[in-house]
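Next come two complexes built around chain A: one with chain B, the other with chain C.
Moving on to the complex of A and B:
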């Protein structure tokens, strides 16, 4: 039986454990939480990136494309803030997936990553099969679908997703809203402290 | 007479107050709105751009050195390498062909007077002439 579960508030109070977001399944009396499935993509250095790349680490995921004329530059600017905030903290990585793999080749992603001046071991830019990218996007965003404010309740563009070392989604934010990203950065800090 | 003086004083205070209020704000209201709608998502609210990907407008020497090209860049976009403050940027900028001469003038003047920029104001007549010239040049191509 699937019990739709949605907990996310604007709590900005004392550090406490972040909820595990997404649908829950109860199997033989045990609660099974939504987890990011296996994936395999290629990064800006042509390296294979799988779940193993993030073993023991938390990461922030987003979706973008280099030729994006709308919100991506703002989202990248906020990802850059997160990158700089946690630059010297090896417990966190960043992962940007392209949704335009046809144009966003390894070389294009390398150019973008170099343009931002970021380390490719800390912030991976991923490309791969279009279907696989869209499927994993659906998975990351499955927790964000019940957004009553979004037109049609399904606008997840510009979302940043926080995943813990157990592949569970623990928080998300609107990557175009600096104030929401402030809150998200606190969530990341709380998660890292919780995982000590 | 007394009533008249009172009226004049009130008028003076009101005018001075309004003048003070407007000192603080950028006077190119339309330019600001258009900037927000057409430019901000890449060049950002504070004109800083995005690192090595999207060039800044705040403190950009390009605004001065390429002054006469700005109207056409806004309307038709720009491709290829451009150098801003000594740094090369390669991202293509799409144009906004529907913007009018007046709107383009207001955008330039908003940019020229924002985020510490203190550049000479663009005049509508000049912007119109520049746009006519580059439109003609584009047709010849």
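Moving on to the complex of A and C:
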């Protein structure tokens, strides 16, 4: 009785490729996966950030704002854990989008990122046109909505999203839950190993 | 090093606030109102994504209207302004609100309670503005769908 259990246990520990999340279409016999659309925002150093900024790299995305009193401080602490874990791994970047561009100016984002003491080339804090920020939030969170009973509000849910170098969403987690972030960090490691 | 200090200070503050519930009755009364304020914030804030989504849908609906339909265009513009006002009210409130512990050096307990009561009224107003603006936007969008 122990043997099948043992075999199952071994199989479960082997790293598996992460699935590609989101809606998919079949076009001319080929499967077309959901991909993050084109975007253009400005970071804490006033640099233009587009999809090209992440060419050949995976990244973790989240949505936040500086004056958030409840959820964002928890997710920022978890983003900082991810930052430190992958600090010397050039294959991964982090990107935090504000949803309050009126108050979260480039200067405010710079102050926030300096307060965390993080490298702006590794962790981009983005601001831009409000509707564009919310539109891209809808796109990132479309995959999370499929998996949850919650009726909405994902841009304030503390979700962290993992995107691969081909703009595909490969994993997500609850950024307020350290245990879920532990699992997410393993997913990131698996993705980076898969992309070697 | 700077980051380590930041994390150490943040962790210490968090541990201090989480592990040592205050026994000071004044502080307890202040924390109670603060928690009520945060509960209202946590109820309203997740709606801000939908507030923006409704605004975007209204903008698209206005673009589809003929230029001569000034009445409906003005109606939609007014509804968009209401949504933006609700969102901005939340943003401004969050940027200005301060935890009661930050007021203790400058105000006595009685004034801190007055401050918190005012802040609670403000965030309740944000809740009302949010609910009303969303309701108006949904009514307009439902009307537009009917005529399409």
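Going forward, the second predicted complex is superposed on the first by the 173 of 196 C-alpha atoms of A that agree within 3 Å, B and C clash if a C-alpha of one lies under 4 Å from a C-alpha of the other, contacts with A are read in each partner's own complex, and residues count from 1 in each chain.
Basically, a contact is a pair of C-beta atoms (placed from the backbone, for glycine too) under 8 Å apart; a residue touches a chain by one contact, two chains touch by 3 or more.
This structure is a prediction, so every number in the text was calculated from the model and none was measured.
Superimposing the complexes on chain A yields a three-chain arrangement in which chain B and chain C clash.
In the superposition on chain A, A:102 makes contact with chain C only, while chain B stays out of contact range. In the superposition on chain A, A:138 makes contact with chain C only, not with chain B.
Of the two partner chains placed by the overlay, only chain C lies in contact with A:130; chain B stays clear of it. With both structures placed on the common chain, the touch criterion links A:157 to chain C but leaves chain B unconnected.
When both complexes are overlaid on chain A, the residue A:117 reaches chain B and chain C alike. Contact comparison for chain A: of chain B and chain C, C touches the greater number of residues.
Comparing the listed stretches 60-68, 78-86 or 96-104 of chain C against chain B after superposition, the clashing one is 96-104.
Overlap of the chain B and chain C interfaces on chain A: residues 67, 69-71, 77, 80, 115-117.
On the side of chain C, the complex with chain A involves touching residues 2-3, 6-7, 10, 38, 41-42, 45-50, 52-53, 55-56, 59, 88, 91, 94-95, 97, 99. Chain A contributes residues 65, 67-71, 77, 80, 99-100, 102-103, 115-118, 130-131, 134-135, 137-138, 152-157 to its touches with chain C in the complex. If you check the complex, the residues on chain B that touch chain A are 41-42, 44, 50-54, 90-92, 94. Listed in rising order, the residues of chain A touching chain B in the complex are 67, 69-71, 73-74, 76-77, 80, 111-112, 114-117.
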